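Next come two complexes built around chain A: one with chain B, the other with chain C.
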Partner chain A sequence: MFCRLLRYDIRKGLISDYKKLLIVVAISVAFCIQFRWEYTSHFSSLSEASFGDIIFFAFSGMSEYTFSPDQPFLFPALWVLLLVLPMFFVLYYPFYDLLGFGKNVLIQVGRRRTWWLSKCAWTAVYIMTYFLIIYAVTAVFCIVMRIPLSTQISGETHEMVAMKGYNPMLNGEGHLVEFMGRMDLQLFVLPVISMVALALFQMMLSLIVSPIYSFIISVGILISSAYYMNPFLIGNHCMTQRSNLVVSNGMDIKNGVLLSLCMAVFSIVLGMIAFNRTDVLSQPLRDE
Partner chain B sequence: MKTEIRKSLSGWPFWLTLLILCGMTIYSALFIIHSDLEASTRIVRKVVDLESNPMLSVKSLYSNWIGAEWMTPFSTLFFFVFPLCAAIPYGLSLYQERRSGYMGQMVLRETRARYLLNKYVAVFLSGGLVIAVPVVLNIMIIALYFPAHAPDLNYDIYTTVKAFSFGSKLYYEIPWLYLMIRVAVIFWYGGVAATVSMAVTFFSRNRFVILFTPMLFFLLLNYSYTLFQVPYEISPLRFLGSGNVYYVVTPIVIGEALFLSFLTIAFIGLRGRKKDVL
Partner chain C sequence: MEHTIEMINVTKTIRKSTVVNDVSLKLTSDKVTGLMGINGSGKTMLMRLMTGLIRPTEGSVIIDGKELHKDISFPDSCGLLLENPAFIDSYSGYGNLELLTSVRGRATAEDIRNAISLVGLDPDDKKKYRKYSLGMKQRLGIAAAIVEKPDIVIMDEPTNSLDTDGVDMLKGVIREQKNRGALVVLSCHDMLILKELSDITYKIESGIIVAGEEVGEAR
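Let's turn to the complex of A and B:
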């Protein structure tokens, strides 16, 4: 039953809702073009660039921010956009579904637990699809621009992103470490796991408060992540500039995976308990 | 119109959103005051060098209110979520009234144009107030502690008001007027964000799309400035608060608000007149 329900969710909440994902395609094309502009303005040609470079650039975020009276805090526009979008995309389907046909599905399934687990699995699949689209569009861009599809990060991009963003006067105790050129897990796995965890947390909160206010909390976590370099603020694990492979006091992948798993399990269990007690017939959306 | 305005300001979404936003601005104010008290204590205890500059000129209401400080993440968060928060109180009302058939009843009792005008004013006011009131509250709390002396031009690197930027002359000459204009602009953008969601009602039947469109629009606008390397700050998410690096110029601040207001009025006027209520 779980697999059938998950198939139904994927068909209804992902495949038939493909228009939203076109926005992801457009933004991916935009940041690829932005990378090309910035890279060629620094190094004249794209000969040293690679697929990994573009992803490194897109998820670079910002270096550690230390308050200074003459240094305003500027949230990283691209990073915020790339992480806020999936939070919005997975926000409403589970609860919107309950307004209509989903109620019949819930009755047909017979168990609330199965319904909730299916929605959790759907969220994970959605986030993975979101990242896959970003990677796929970037790969197509690389093929068109004849950029190698290697995940190796060039010294040029490291210089353009990490060294340019690093300010020893402002970046606290951390200092740049010798960059080895590879950070595959931090680049392709950790952001996905972290965002799945945050999305599950948001879905659980949606049951307790409401989808809109839970979204505001998710955005708050992401903005705070940019402001404070703290491993407990999950957005830090999605910034390549804050990895311990880039700065000495950066985020460790083991901590990131562990925190994400704990957050995901906590959200699934608490969400299940909350959903068992939710009156889905009278008030599926509290903010209405 | 009175009924519409009363409805828009009496619903619990308005009060809950107002409460959350007030929480953010109060935190911002208290954090700033607390930080300054700590710094003053260090001076009293002679922990810091007494001959160093105590930066008294920066300790002004005009450089510490939420639209000018970047010390707390809440000031950034406040101006980041403002388009969504402005739409929450009454942005969905037209969608709800169309869906429930209430709009049809109202259109029978008054003209469609009048109904839409009343709705527009109520949505604009609710959006503007829910954003502007917390800012005013923040200013009031900050004013309890910091003196309202005019900013010193020699310390301009500690403020986000650059020379020749939006209202910079007023900022140094008549700062209270500058503050009022900034709050009025924040109110205007709050109203515009709320009416954008009202305009989207004619294009989407999804309540989440209606609510989130203003925020997505402003987020994309915010990214577009980095993408196209625009030399001026064009994103309200940045220029309404303190987090801006580029020049905030008057024609963009006013022009953008005017353009969006005109666009929403045109959309609501044209689509609202033609779209069947049933």
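Let's turn to the complex of A and C:
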């Protein structure tokens, strides 16, 4: 029953609603073009750039912000946009489904727990699809621009980001210290699992407060992550510039994975308890 | 097998407002039950209580001998039309029902086609749901409620947006559900139509059953 319900959720909440994901394609193309423009304005050609460079650039976020009158807070707009968008996309489906024939489905399923777990799995699938689209569009851009599909971060990208005021830990050869292998986790795994965890947290909160307030809280967590370099603010783990692979006092990947797993499990369990006690009314749950 | 819904001293309070007040009812599948009352009288809440979508603040709801929220979370086999049906805009009527029934996998393609035909729609019509008229949407909602041949059929305001042909169609649908042994509960604010469709009617005011009336063989 769970698998069939998840398939229903994917068909209804993802495949039939594919037009939303075209926005992700457009944004991905836009940041690839922005990368190209910034890169070529600093360096003569794209010969040293790689697929990893573009992803590093997109999820670079910002270096640690220290309040000072001389240092204005430069809002990391691209990073915020890339992470807020999936939170918005997964916000309403689980609850608006209950306003339509999702009510029939819930009754057919017969168990609230199964319904909730399917919505959690749907959320994870949605977020993974979102990131896959970003990576796929970037890969296509690389193929078109004849940029190698390597995940190695080039020295030029370090320089380019350094020009924005961040101090990378460079070795004697001008490359970032300790990038090998673990940077792939930072680029391709940590943003996905962190955002899955935050989306599950948001869905759980939607039951307790309401979808719109839970979205505001998610956005608040992401923006606070930009202001404060704190491992408990999950957005910090999605900024490549704040990884301990890049700066000495940066975020540890293991801690990021652990925090995400704890947050996800907490949200799933608490949400299950809350949904068991929730009345399915004619408006999105607590919004009524 | 006869199906029953028994409500014993059921009260539902939402945010300090009592929407269903100490209701006791026993509904059986040999009689189509109609609930009438003005908007906000508590008909829909009563139906939500019968389906397990909301929990009673006090009292209990027993479906075929099993208590909701204790023995079972929801009725084992229940078709529902509650308020405005909402389907996927980009799917056809058939596509929507095919998706809906995919969860349990109990309805065959033939069942889906029959349900769509029974409500007067064309199962081969490729028209997207977004292009349906209000009446067609309501008909598809009725088809969704009966497609899996459930033991209990609950329809809230099924006559909404239906023309006179539609009401005649609904009579046929209800007769068929009753004949195959399903327990049917309807609500409607139009007393005349409800009496045409039901064998027994209950009038609800401010969450209280104020009158019950046997209509007899109206059809």
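Assume the second predicted complex is superposed on the first by the 263 of 288 C-alpha atoms of A that agree within 3 Å, B and C clash if a C-alpha of one lies under 4 Å from a C-alpha of the other, contacts with A are read in each partner's own complex, and residues count from 1 in each chain.
FYI, a residue touches a chain if its C-beta (ideal position, glycine included) is under 8 Å from a C-beta of that chain, and two chains touch if they have at least 3 such contacts.
All values derive from a computational prediction rather than experimental measurement.
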Query = Which holds for A:Phe88: it touches chain B only (first), chain C only (second), both, or neither?
reply = first
Request  = Could you look at A:Val257 and tell me whether it touches chain B, chain C, both or neither (first, second, both, neither)?
outcome  = neither
Task = With the two complexes superposed on chain A, say which partner A:Leu106 touches: chain B (first), chain C (second), both, or neither.
result = second
Task = Determine, under the contact definition given at the top, whether A:Leu117 touches first (chain B), second (chain C), both, or neither.
result = neither
Note = Of chain B and chain C, the partner touching more residues of chain A is B
Task = Please work out whether A:Met145 is in contact with chain B alone, chain C alone, both, or neither, and reply first, second, both or neither.
result = neither
Request  = Determine where on chain A the residues touched by chain B overlap those touched by chain C, and list them.
outcome  = none
Remark   = The answer for chain A against chain B in the complex is residues 27, 30-31, 33-34, 37, 67, 69-70, 72-75, 77-78, 80-81, 84, 88, 91-92, 96, 211-213, 215-216, 219-220, 223-224, 226-228, 285, 287-288
Residues of chain B defined as touching chain A within the complex = 13, 16, 20, 55, 58, 70-71, 73, 76-77, 80-81, 84-85, 88, 92, 96, 157-158, 160, 206-208, 211-212, 216, 219-220, 222-223, 225-227, 229, 235, 238, 242-245
Inquiry  = Quick check: in the complex, which residue numbers of chain A touch chain C?
reply    = 1, 4-5, 7-8, 11-12, 16, 99-101, 103-112, 277, 279-282
Query = Of all residues in chain C, which touch chain A in the complex?
reply = 14, 44, 48, 51-55, 72-76, 78-80, 82-83, 85-88, 90-91, 96, 99-100, 102-105, 144-145, 148
